[in-house]
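Next come two complexes, and both contain subunit A; in the first it sits with subunit B, in the second with subunit C.
Showing the complex of A and B:
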């Protein structure tokens, strides 16, 4: 029996060098260092928290500023952590440590350099008769703002939340060691769209400036058109997170009493995270959000806003939206365009009448067609009744189904044309016209008379000055078709009545949507609603909006009005 | 919200329009036959007599309402007649509207079925109209008032325009003999025109909205204008029916007004079957009356039981109105209900209202004496 040879026991490190004692020791040291570092970090965080707890900040404030710049900076860094685009620019101002905080890309750095950094860092600040030395000025932020800085708009802030808001808006804030308040310097400058022509409300004669996405620019466009000090602008911040700037505009001595308070109350009730456009605000403002009819007027024209303000109405401009909301809104104002005032009054009257007829046709024409063809062909002249019967004999579907098919086709083309790039939209409309106009009829699917009816309806709805109103008309068409298919002309008349009741029952800030159209108490309003009299005769404001001063020339306190 | 709509009042002109619109309803098509049957060639005179009679009733109502400027008849009737008496009078007041509403629904159902949808049961026609009227009656008075003004201008102008086309078939000799007429029949028929003029009772509910706007005299004058227009319209309809059809023919037709318009042929135009156009213009006119009356019924119930909202009452009354209207399909029953309603209407206008005025004066005199 041979001897069993035992294998020599070797160290683990012989096979795995990373398990060696030295290596383990090295790793342990690293770990110790990390632990120490994290403990330090923890201490720092603890200190910050302790400092934040020490200062008795109100519940709605993240912290309060102290006179130590280092502490203020630390607190600001905590609040603005992980915001890579925030610039913290520390510098020395005549022996005082100072810090400039701003959003890179939204603040004008050249402006900052010229009007803030240079005056503070150089010794060539403007001298004041009462001051002998620059360093004496660093006792109060207000003095700094008044004597050193060259910026046009500077505000002293004491609250941390206001300072943070200022930074997030694009302003720069200046902190100086030894002072416990900060300066907000208006240096907002960011990429924005220039003032251009309106996309949807172009007028043939007259001004063609339109709003852009910047609220301040939009307010300027309105301000530039009037020197009236009664034009008031109140800025609110809406959206719990976005804090979107929203301006409420009105003419103080014209607006209907109670309207400003009511608008602000409704705006104050908006509790949502984000306001990215004016549309959600409109939905919060209206009384009947389920109605298809627009209950606020929107425009991209500053002249239209100003005209509305001088009627005693109000406007709301939301930052980031190139349209302004106008309230109250009625059917009459939706049927008016700026062009009505640049053409001859008699022509304008005809145009407005046509528009009203178009609104009627846009809702009821297909329904009337279906009702007459299906239930009351006897109402047609005999020759026409025969030709309609012949045409209908070639198509397999009942008139209601034909009309619905045409409506669906029309909606499809409209939606496609809106969604497609502009260059393709032309081609799509050509295909649409070709298919609807020719192929569908040739295929024997649709009666050619119905094509005429639906095309007329579509053109009628395009002639509406308000796109949202035109959409509402499109929406109403379908229930009317159903009523016509069930009850013929009787159903159509009942539908007309139901729509009229609905429109009369709608209220926009107390004003009836349709009721003002024929109100025997305010028939004088016809001069600029159903009709459009010459400007020389438009001496009073519309009664329906309840302006405080009804006379258009001058006003109660002696200032010139519109 | 803040009350931005400072429109809790009506002008006298608006009241006049409401009375006009409420009075001109379905009866312009339904009543002429019975009137011509009774008064024959004197039917036109009966319309004028009726106008004068019911205008005097309205004047009494205005006077009474002025005595209680902030209240409606429902509130002050119990004070005048006592609790039980007041309840009966208020019930009678509501019953007036109820009977008119069911008669109109029934009549409209028959006419529409007869002339537009011979295959559709009247119940469907009534139900469709009832739904729309209920939708309107569920709104506030401001909405209904606006709607009435809207309809006043549009529907009535179309109705009158279409109706006037019947002048083409008018033959003046059919009106002869103009005299002598049976005076007794003319006067008694004058009372029976209540069906045409009915609806003016609404002033008892609406006066609190108007009284601060005008004096009694101006109210009487403006509402006189409204009654003048009503009389002219009813006179025009009656005279044209006789002028086109003759008295004898009109007596034998259920709805002579529609036969008149059906016989019209407009030379050189493409418009045919004018009765359909007339009916289309007439439906909004009927709707106006019905919606207002249904609102008034809800309002009376609301005020009587001191509720804050009339809408539950309108909804409560809907099935009752529908079932009652459907049950009136028999012409004899319809005529009986019509006669009964006329009597209630006359009793209310010429019995209850004068009695209320007397009681009100007596109470005021008593109060004055006790103060002395």
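Showing the complex of A and C:
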């Protein structure tokens, strides 16, 4: 009896089925379904209305403009519904109703007032002598543009999709009652970053302007440095939803034949909804996306882009990214910096040599250490072997574990400093310096020689001109370490072979990544790769990029000084 | 993600991945890790000493010799093998920055087979013995006299670890005592001796050019004489000088410092040397010529059945010391020529001294035989079987020395 009573108290739904939790849940989902359905219905109705409105519109157009302003406005409003930042400005121009549509914040409203609204609305003023004559001008958009508007760049559009694109890029479009064309007025103006100094590629003596996020500004930075009409700029739109502008730059009479077509073909193959930075484009462009080595050169310096263009290479600038992509890219170009050309050639040769050695050390030094200490201590001079053994006498771990521990510490450390806000990074590096520099050694976990080795490696990888390349070196280091710990120097040599073969077989738009350096046909390229001769001797362009004209002075088509 | 990829690309990747994995796995299976031994897990052997079994044992050390021993199924207790081991002291953190002081210890055992003795010696060590950094091997005269050189050096030549440049020395006393010597610098005596012998280009009193394991192997294979640097210990004074000549594994005799220097002039390998002679005007006083550089050519000549050698030496150097008294400025040409002639005479005397020493020992300790083989192969074929015993002791050597004294003038 007690049990039954208890049950009654505990479950209300036993008496009232409609109060059960399941029931409530069911009802709620039903309600949710209903609301979504009704929202869908609303949208469908909107679409049906739009479809009914569109009179024989082609399949890729949302609608076609009619000559009735009210209808056009309705169609535009349907397409741009729920976009609160779109401004519809209706006004009266000489008895004709007119409508200006623009994106608030992206279009220069002052400019619109001055060059569009004022001239059009003043046509109604009786003081104007040519009123009657001018009122006849409202028969054709082209005439309106030519005679009334004071804006610099005006285009007549007939297609609705183009008009919508124009609005979304920040232009204003003008619709006038009685005309089935629209006018796009270029009044784009939005807040953007100023041209500033490069963050990552600062040069001691030389130009220090860097790209910003606006593609047009970036192109201007390059254009301003040359008056060459052969510098061609092709603008494409990538990203099916974002429609990001992307510029392809090249020097028409220098670029390797076929390169432009190949780059444009690869860009055309990009099927993606959004392009927010240039990085995904790089990944679409390269042949080997799984390789850790960067196969496109990136720079934030316009002078570097121009230098590359005059070597017969190409550049891609993506709107919204302060970095230009340069292709083809080889090991050589990643090892060059703008500073090499501002210091004395003799010094530059030494600096470049150091950089190449640093690249080698950054990959192989810890591996060589582990191999020598664990497998071949007989290779060391006796006194050094003894002092290394003394240093290692206190450490309990095999050298491989020790090296891996140190690598992990280093990676943690680098990652922390990159992620932290700048104010904290200093504190983090202090802690890191204490931990790695002294405490770990004092604790007997890691011997001081290994600290020297790993620190040398880290510094060597920091000295790379390209950050992506130094990341690749960091990546390669770990497999080398493992090979060394399994097979000793034999493993290191296997690793050297594997890395060399990989780098030689890696192709960037047909150019071998490392092969150009050890190719006897292009040995002349060493003048500006391994070495850096004085500029007076750099009379020919690098062979490896296959520029149409190899001599740097004059041009084959008679134009000199370009 | 993978589904979206082109099946061709995936296939290519799979193949490459499998290929790489196979290379790594196969090489690991074939060669991986088998000789991995951390540096601190190895016990450095810095020097080896080989004595006759009971050499230098005092009666109060009976007990010790019983312990430094093992049961041996074959052979006799012929040799005592001693190893100098490096004892690592861990460095004290990084703050002090000072290295721990290296100390060494000595372990010995007796037996006949070197490898068997080494195996037994593991019982006196906590870590694996490691021979790649052996610096010196000291062999006692008694041990060589007992059974010849071959049984002693065979292990040195066969071992994969002992390097060809390891120095081999001979001592007339006890070899172990030399390893017990403590150099004032605190470094192990094995390294001290090797470093000292390494100065052979500056020190004409030690041989050094043909006294390492590799040369012994070479001489052994060519059935030629073997040279060994001589080291002697008295109390706590150690001295390198002179050399021993061995032939067919037997010790033929010791050669003094003067003959060693002459031998080096013969083969032209010294870089600097001091050549002394009596002052021309004041007898009993010494002038020393300092050798800078020289050109030496030794050529065999054959006339009928007669063999003779011409040694042509050009030397350049300066006056290093002149105890003659007042006349220390040598600027006059005739004075210089006189001095040069005296130096040449002294060099000639030195060379002939060592040449006659070799002839008396009936052993071609220099390169006479090789020169004959190279220049007159037909003659060599005729005489090679009786070269050392009959031919070499009788052949004449014509020495012509041309000396130029440079840097003349006032001293500083």
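In this text, the second predicted complex is superposed on the first by the 497 of 562 C-alpha atoms of A that agree within 3 Å, B and C clash if a C-alpha of one lies under 4 Å from a C-alpha of the other, contacts with A are read in each partner's own complex, and residues count from 1 in each chain.
By our rule, a contact is a pair of C-beta atoms (placed from the backbone, for glycine too) under 8 Å apart; a residue touches a chain by one contact, two chains touch by 3 or more.
Because the structure is a prediction, the values reported are computed rather than measured.
Peer 1: Return first, second, both or neither, reflecting whether A:518 touches subunit B, subunit C, both chains, or no partner chain.
Peer 2: In the superposed model, A:518 contacts subunit B only, not subunit C.
Peer 1: Could you say whether A:507 touches subunit B, subunit C, both of them, or neither, answering first, second, both or neither?
Peer 2: first
Peer 1: Based on the superposed arrangement, let me know which partner A:490 touches: subunit B (first), subunit C (second), both, or neither?
Peer 2: A:490: touches subunit B and subunit C.
Peer 1: Which partner does A:319 contact after superposing on A: first (subunit B), second (subunit C), both, neither?
Peer 2: neither
Peer 1: With both complexes superposed on chain A, which partner does A:256 reach: first (subunit B), second (subunit C), both or neither?
Peer 2: In the superposed model, A:256 contacts subunit B only, not subunit C.
Peer 1: Does subunit B (first) or subunit C (second) touch A:228, or do both, or does neither?
Peer 2: In the superposition, A:228 touches no partner, neither subunit B nor subunit C.
Peer 1: With the two complexes superposed on chain A, say which partner A:177 touches: subunit B (first), subunit C (second), both, or neither.
Peer 2: neither
Peer 1: Between subunit B (first) and subunit C (second), which, if any, makes contact with A:375: first, second, both or neither?
Peer 2: both
Peer 1: With both structures superposed, pick whichever of subunit B and subunit C touches the larger number of subunit A residues.
Peer 2: B
Peer 1: Do any residues of subunit A touch both subunit B and subunit C, and if so, which are they?
Peer 2: In the superposed arrangement, which is not itself an observed complex, subunit A uses residues 375, 378, 382, 487-488, 490-491, 494, 498 for both subunit B and subunit C.
Peer 1: In their shared complex, at which residues does subunit A touch subunit C?
Peer 2: Contact set of subunit A toward subunit C: 290, 373-375, 377-378, 382-383, 385-395, 398-399, 438, 441-442, 448, 483, 485-488, 490-491, 494, 498.
Peer 1: Show which residues of subunit C lie in contact with subunit A when the two form their complex.
Peer 2: Interface residues on subunit C, with respect to subunit A: 13, 20, 23-24, 27-28, 31-33, 35-40, 42, 44, 46, 86, 88-91, 93-95, 99-100, 102, 132-133, 135, 161, 163, 191.
Peer 1: Which residues of subunit B touch subunit A in their complex?
Peer 2: 1-6, 11, 13-14, 17, 112, 116-117, 120, 124-125, 128-129, 132, 135-136, 139-140, 142-143, 145-147, 149-150, 152-154, 270-273, 276-277, 280, 283-284, 287
Peer 1: Would you pull the subunit A residues touching subunit B in the complex into a rising list?
Peer 2: Listed in rising order, the residues of subunit A that touch subunit B are 256, 258-259, 261-262, 265-266, 375-376, 378-382, 384, 487-491, 493-494, 496-498, 500-501, 504-505, 507, 509-512, 514-521, 546.
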